[in-house]
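Shown next, in structure tokens, is the structure this report addresses.
Chain lettering (A, B and C) follows the sequence in which the chains are written, and residue indices restart at 1 in each chain.
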Amino acid sequence: MQISKDELLRAYRMMKSIREFEERLHVEFATGEIPGFVHLYAGEEASATGICMHLDDRDKIASNHRGHGHSIAKGCDIDAMMAEIYGKATGLCAGKGGSMHIADLGKGMMGANGIVGGGPPLVCGAALAAKQLGTGGVAVAFFGDGASNQGTTMESLNLASVWSLPAIFVVENNGYAEATSSKYSVSCDDAADRASAFNMPGVVVDGHDFFAVYEAAGEAVRRAREDSAPTLIEVKINRYYGHFEGDAQTYRGKDEVKILRETKDCLDKFREKVTSASLLEASELDGVDADVAKIIDNSVDRAKAADKPPVDELLTDVYISY
Amino acid sequence: MARTISYQQAIGEALDQEMARDETVVIMGEDVAGGAGAPGEDDAWGGVLGVTKGLYGKYGDRVMDTPITESAFIGAAVGAATAGLRPVAELMFIDFMGVCFDQIFNQAAKFRYMFGGKAETPVVIRTMYGAGFRAAAQHSQCLYPVFTHIPGLKVVTPATPYDAKGLLIQSIRDNDPVIFCEHKALYTIEGDVPEEAYAIPFGEANVTREGDDVSIVTLGRMVHVAEEAAVALEKDGVSCEIVDLRTTSPMDEDTIIETVENTGRLVVLDESNPRCSIATDVSALVSQEAFSALKAPIRMVTAPHVPVPFADNLEDLYIPDSGQVQQAVRTVMGKD
Amino acid sequence: MSDSIRALCMPKWGLSMKEGTVAAWLMEEGDEISPGDEVLDVETEKISSAVESPDSGILRRLVAEEGETLSVGAILGVLADADASDADIDAFVEDFQANYVPPADDEEDAGAATETVEVGGRTIRYLKRGEDGVPVVLVHGFGGDLNNWLFNHEALAAKRAVYALDLPGHGASAKDVGEGGVAALAETVAGFMEALNIDKAHLVGHSLGGAIVLKVALNLPGKVASLALIGSAGLGADINDSYLSGFISAERRKDLKPHVEKLFSDPALVTRQLINDLLAFKRIDGVQAALETIQGAFAPGGSQALVMRDEIEKLEIPIMVVWGSGDQIIPASHAEGLPGSVRVEVMAGQGHMVQMEAASEINKLIDDLIG
């Protein structure tokens, strides 16, 4: 399919930003300065990017605990995200949500979610609103193989189908739900097999191939926007890091991650494809690399320098009025 | 102009008037119309007890029947609220909160705070509560204390048709998530209700009876039980003041303190189970804030710490009655 | 047997009152009573007030006890001359009680329900009592409704038809007040008369209602037989603007109560039920906006916009101006310096709601005025 050069660069920048953000967090988290938990998306960039490239301001996404990639792909401010993860007042959520609750409703990012399966019902709601208000928007739920088993997910697939909602359900199947393999916990071979049970198309795509994801997503977005009908996309993918930072990942094979980085990295694959087809020059990609590195670097410096929330913020914004 | 209608009609009227006024108000729930996809009539039920009957005919696809999937449709109501609609979702029985509680207490309740003050979630969840119908343990509970406990939720418990209409209109206009609790045994009670739309603010208790000897703080159906007890006690020369909380979150603490300062004696009457109830909540508040005004220890009258029984004689024992209230009053008066 | 024995009965204040409780006797057996004297305090669900004696005589028997609740029309006490014997009084009481039938629970006074009429595209609620004669039209003030006349309506209706209406923005009338000033509201009152084929009426107005009926008379002198202006607007620029603003802005009982108390000489009359009823009114959609519009047109910048004092001499009808000396809303000084033809009564110790607190006297004054 035809993607303009600008769009290709935008896609590369998006994936690279996610990668740099997550890799840097991996390093910084180890220093002990970052409070709480983080769940890193490194390795999965092509999924968020391939899908969010099709979305605009009308559209909404809901994410899960592994939400930094979706946030960046949907256009959330990187400085504000980093500050939020550091629990600072300049954070996207004023330091009151943290990594697991990063959100920017103004950008259509309905929130990372600390509850597995928390997102799909909310996405049914956003899709319903788009349909009722005639905005032409779609709503995308990103969740994992673990959440694909949750009752809330099943109910949401059913509801989106019977109500004919412009919703897209994206199972990012990285083979592990926490420390348990999807081979053990998911009763079918492909999570996408479940789609037909809910009378919607189920598409399996290789999540290391940006173009494959982009193409499948394009069709799902079209189907949502034009036909007001849902789709389930299963993105087969891998995460480089643990469920959470601090997870020793002893449940994974020896050298499993090393081999993935060497043979299946989505950024390498993208670079190879676009340069060999002369769609982009290596130097252009290198230029993005350098730029992104600076941006991430700055975001960490700013986050570290920023203040924590003022103490009276403890009691504010529970309600709009009480 | 006011006329006499039932609590149930008052609720239906509030929904109708708000849906007419604001096209972003939508309704969803199990059988709120009824008959979806079935060969017979549309709007076959209009809600399990008929509260929403007629709305489907007027508002069409703004009245949505749902599959029996509370997590999905309550969550959809919550998500839709953040995306420009003002949904009024019906959780048919408050006892069903178990199958959708995450979407209510972890999602809706917390968005505003977790997202740094930027989210608005104007969702209303209407739900039926209360015993007396021999509906047994899983269809008869008073679970408003559980919702009251959660920061970020507002909880409303009207006792009269006038309050039901005004508080539901307020709930729909409010931009925070509201749990609107309707006692099923009150659906048929009647009262004066203005035809026009009106909104009663939250956090304002109603003193339904003035008195000097003892304060009975209560809510929901128990307001009527308190009234019955007060009439009987009057004959013995005991004058009761009755405070109907109307909303448990926010709760009108000022009026509670005021009535205790006025009478010095407090009976708290709550149909829910005793542990972590509104009874314990009010008692603790008064102990802390108005201790010196008390002439006697506070007495709580609640259901027992048991599930709601089925057999009618047992259920009747379960529900606090006028006799128990009178006994509690006599105790705080030192007349037992 | 003395003809002078009369029963003092539980009055009916307003349409919904079914019973009242004797709160306190203010007089004792043997006391001499004049008309208008307050004989006992009665409490109902909606209001507390004193029962005034309609007659003169000696209070010979207290029949009802303090704390007793009795139905409307039940005997409370007995008035008689000194020469009536105790035996006669006993017989009178026995006889009364034997024949007394309390009103049934669901009984409505025949024809005593409120009605509505369309005036200039607005629905106006009104209550008519009594029949025939030249009718009286009662016009309430800011924030009130036809129930403000609850102690006057029936008494005045003994001799003629009496109408009390809800102004636009008030009671159960339409909440659209148009421009909202005295002139606009006067148009509605005139339109009301026309809609009901009232060619000529005695107009009685309280507070803002006084300015309104005065304006009607100035616009349509042929249609007005007399004017009774009670604590009236329109006779001077002064007005308690903080009362108006406070009444409008109060959203809770605690905030509203101190303002409403300013209306009465006896703040104990401000019952919880009264405040509740006012809050219920203020919470109806459209009322807030209506009151704000009226305040803005009637008293912009805190002074009355339309002062008609100098035009009164143009009117050739009987005019009475009544004030409570302690009126905290519109000062009693506005009753001074009016043309000599105007009857002026300033009642010592009374407040703004003098038609309620001194009802008997007001009723008599109006009766005398209109004849």
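One rule holds in what follows: a contact is a pair of C-beta atoms (placed from the backbone, for glycine too) under 8 Å apart; a residue touches a chain by one contact, two chains touch by 3 or more.
On a predicted model such as this, the values are computed, not experimentally measured, just so you know.
Peer 1: With one step meaning two chains touch, work out the least steps from chain A to chain C.
Peer 2: 2
Peer 1: For the pairs B-C and A-B, output the one whose chains share more C-beta pairs in contact.
Peer 2: A-B
Peer 1: Need the central chain here, defined by C-alpha centroid distance to the all-chain C-alpha centroid.
Peer 2: B
Peer 1: Can you check how far apart chain A and chain C are, centre to centre, with Cα atoms defining each centre and the answer in Å?
Peer 2: Chain A and chain C have C-alpha centres separated by 71 Å.
Peer 1: I'd like the Å distance between the centres of chain A and chain B, where a centre is the mean of that chain's Cα atoms.
Peer 2: 40
Peer 1: In chain A, which residues are in touch with two or more of the other chains?
Peer 2: Counting only residues that touch two or more other chains, chain A contributes none.
Peer 1: For chain C, jot down the residues that touch at least 2 other chains.
Peer 2: Answer for chain C, listing residues that touch two or more other chains: there are none.
Peer 1: For chain B, which residues are shared contacts with two or more other chains?
Peer 2: Where chain B is concerned, no single residue meets two or more other chains.
Peer 1: Under the definition above, what is the set of chain C residues touching chain B in their complex?
Peer 2: That would be residues 114, 116, 125, 172, 175, 251-254, 272, 276, 280, 283-286 of chain C.
Peer 1: For the complex, which residues does chain B have touching chain A?
Peer 2: Answer in residue numbers: 24, 26, 61-62, 64, 66-67, 69-85, 87, 102-103, 106-107, 110-120, 151-152, 154, 174-176, 203, 250.
Peer 1: How about chain A: which of its residues touch chain B in the complex?
Peer 2: Those in contact with chain B are residues 60, 62, 91-97, 101, 103-106, 110-111, 113-115, 118, 120-126, 128-130, 132-133, 135, 139, 151-152, 155-156, 158-159, 162-163, 316-322.
Peer 1: Within their complex, state which residues of chain B touch chain C.
Peer 2: Counting only chain B, the residues touching chain C are 1-2, 162, 166, 194, 196-201, 204, 206-207, 210, 254.
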